[in-house]
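The chains carry the letters A, B and C, assigned in the order they are written, with residues numbered from 1 in each.
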Amino acid sequence: MFGIPEPLTGANAQAIYDELSDKLARPEFRPRALFERFNIEILCTTDDASDPLTWHQAIRASGWAGDVRPTFRPDALVNIGAPGWRSHLDALGRACGREITSCAALVTALEERRAFFKRMGATATDHGVESAYTAPLDAAEAEAIFARALRGEATADDARRFTGHLLIEEARLSVEDGLTMQLHVGAFRNHDRSVFERFGADKGADIPVATEFTRNLRPLLERFGDDARLTLILFTLDESSYARELAPLAGHYPAVRLGPPWWFNDSLNGMARYFDQVMETAGLWNTAGFNDDTRAFVSIPARHDVWRRASADWLAGLVVRGLVDEPGAVEMAHEMADGLARRAYRLGKA
Amino acid sequence: MFGIPEPLTGANAQAIYDELSDKLARPEFRPRALFERFNIEILCTTDDASDPLTWHQAIRASGWAGDVRPTFRPDALVNIGAPGWRSHLDALGRACGREITSCAALVTALEERRAFFKRMGATATDHGVESAYTAPLDAAEAEAIFARALRGEATADDARRFTGHLLIEEARLSVEDGLTMQLHVGAFRNHDRSVFERFGADKGADIPVATEFTRNLRPLLERFGDDARLTLILFTLDESSYARELAPLAGHYPAVRLGPPWWFNDSLNGMARYFDQVMETAGLWNTAGFNDDTRAFVSIPARHDVWRRASADWLAGLVVRGLVDEPGAVEMAHEMADGLARRAYRLGKA
Amino acid sequence: MFGIPEPLTGANAQAIYDELSDKLARPEFRPRALFERFNIEILCTTDDASDPLTWHQAIRASGWAGDVRPTFRPDALVNIGAPGWRSHLDALGRACGREITSCAALVTALEERRAFFKRMGATATDHGVESAYTAPLDAAEAEAIFARALRGEATADDARRFTGHLLIEEARLSVEDGLTMQLHVGAFRNHDRSVFERFGADKGADIPVATEFTRNLRPLLERFGDDARLTLILFTLDESSYARELAPLAGHYPAVRLGPPWWFNDSLNGMARYFDQVMETAGLWNTAGFNDDTRAFVSIPARHDVWRRASADWLAGLVVRGLVDEPGAVEMAHEMADGLARRAYRLGKA
């Protein structure tokens, strides 16, 4: 990427840092130049539900041909237990032009924002939760919890139940508007208090926790799991759930797709374990292919390269052992690199 | 099996379906013909504890030489929380010729039925539970729970405790009558409500859950785990328990055998993971070999073939790396294909 | 080791037993002779906190050159729920020359004993707990629990909270005195009641349980996890925590090192799974290399041999696939066999 052949060591670290800084300032390392050099067809950001998507509008207005789309991420509004919840709610009110004073109004506002995101090109939503807990609340319970949250009196259990309720509401909205629903489960955020206190939220030190899907997702799946209008992509940081829960769920429910190995598991070994543990039961066609999910722009080509090589290596092993034939493996390789993700995210053909 | 060489595709699906229907109607695809063609020595069914085993009696009366045996499965009587419990209890009463009005009477009735099954050739019982929880109840508690169940007032916790109590009672009966006890743990049944509502119970969409054995089985094992008269075969859907709990338990307790990879794990990769994670700690001689556990009759040869090839592949790897010698591997291969299962199920020599 | 080439069988068992007994009685199989034959540089025992280390003193006084050091193990004093706790507390009082009548006095006594162990060559402490739970108690709570323990009235929850509090205190003391802190988590001790009743505590039948680190260790890590003066080595019996929790924790916190595969996982396959699941995320330099952790003295060379061969095999695979270069692999091999453990246990250079 940067034309630096030598391995990074303590001795050359400063010199390489300087060289990187220098190169990143050059025109050929500007984001649009890299986007074109990387031959990216579609790039999706994640954006707060209240975000006016100003920069997305600017890209569209600029006449540049790159296809950059937003993704609808309502976590900050759903998590009533987070410190900044009230200010995010106020921002949503401003975005919608009215104060949000009830759970029903919140859901309506989310629905409006989803429509706006969809007009701006979004094809998916994203939900990051520590637990996969879902359970519907009746309207009175939902409003009582929302009222406590407005008064700053919501408990941890209120927060858990409210999130579990809104995940079902979001699934319902996805059935209606066709936005693919992504569920990223199992990160304990801001684990290192000193990092959190010095640098604020989401600055690292997120550590995975064991994750239960079978019981937790059932209330959502018994409503929408068999509905072909929904695509629900599940991501885990707990590999013990691959063979035990996620592959059987993806194999059974028409709405469920299994996302690629995520975060700490997005590695050569992590991919091999995923293929080994998931594919026999889920079936390749119930997975979502690969999305790189990176915050490091220049890592995009390397990540896809690793996935494609790991996929090809796995497929070659199936061919050599006589489990699939060569034309089948070629088709599967194309699907894993391209087709599955396109369909899971409803992005149309190449 | 059916002489159909081409891979199944959307294009040939209907034609192949028709061909299968046609062939299955022919005399050479009748169950007894397949039984003989498959060279099956012993086939065991699972049957409700109240079942009069009419068809087993008919097979015996028919003069046919095939060895088909029942297996005693009392789940429907043990699970006081299931909707049909009362009607199963009534059926048991009819089978025993008297009404079952207490827990003590239930245990006595089960004991009688076990003796009947044993006379009909059974060598094993089978118990399917969501959790491996065991704990003894004193007589007063057991009767109080049973009385609540009769009145239709048993709680979920009653059901859990009653099952935990009866598993210990069943182990005690196995010590006495020598029936091998199989424990299948960790399936959340009827996960998909729409499938359940359309087609009824046990029609699919069973999804595994995480399973704890170490603490849950201790009350049973501290009574009977060191008793050589008991053979307790443990099956899991949670592979994370293989190396952590099941292999150490099978390695320590004389009564415990580890069953082969079950259900979703009964696959080429599932077998490889089982060998990798279990054998070093449990020891091959503390496993139960292979039983195919299928509901699909024509799949029997393929399943045994996969197990035998996977076993041979694993053993060959041990030989090539110098971990076992060739005569040892040959003996182990025979045990894995035949001897271990015969002894675990007390089926006598070949 | 014993010059016995034939494999062990039922037929030769008695003869080999007799030969072993005979050889173990010879001078060349005395512990010091084996120590020298094994070329051991440093051997560390684990010792009760109250132990006067008489035999360590005797070794030092004997003029023998072997480097044998104690390790500080306060479990018996920390676990107020264990039957012999009071007698261990009394022993500590005798060792310190005064009665221990409060939690504060206990912590002071532990601090004194740590200093004594350190003077006797100790560089580490060892803590064996069923759960990794940590949480600080305020002084009043800690003293109230201690008082209940003195009266024999401590509950199971008291015991859990007291251990969780003292682990943090021990970490604080390690920051001060520089003793490396080892945490061995997840063994359910004395699982087989009949073994326990016949032979007493710690005579076998310990079975692993699922173990949670992310939430449980956070109270300790938010105090000392970023403090480079602490080295905290984590050991698990629950491999599902390798990739999910332990590798990310070791990768993030400067104080954390991941210990080698422990106990049931200290095997050829266990090591391969450890390398596969841990190294990409934790990084080799955040692991503690290998300590054999055996109670079987003559097994020491074989255990290190297995680790070194397994390490070399793993490294060779990385070289062949182009993931590390050969000089890098050579350096890593030396570190895995020697350097990492030396630094983790602060044992100085070879």
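Odds and ends about this structure:
One rule holds for everything that comes next: a contact is a pair of C-beta atoms (placed from the backbone, for glycine too) under 8 Å apart; a residue touches a chain by one contact, two chains touch by 3 or more.
Remember, it's a predicted structure, so these values are computed and weren't measured experimentally.
Shared residue numbers account for under half of those found at the interface formed by subunit B and subunit C, and the copies are therefore classed as meeting with different residues. Bringing subunit A onto subunit B by least-squares fit of CA atoms involves turning it by 120°, to the nearest 5.
Distance from the subunit B centre to the subunit C centre is 40 Å, each centre being the mean of its Cα atoms.
Shared interface positions of subunit B, i.e. residues touching 2 or more other chains, are given as 210, 240.
Contacts from subunit A toward subunit B in the complex involve residues 210, 212, 214-215, 218, 221-222, 225-226, 240, 243-245, 247-249, 252-253, 276-277, 280-281, 323, 325, 328.
The part of subunit C that touches subunit B in the complex is made up of residues 7, 188, 191-195, 204-210, 237-240, 264-265, 267-270, 273.
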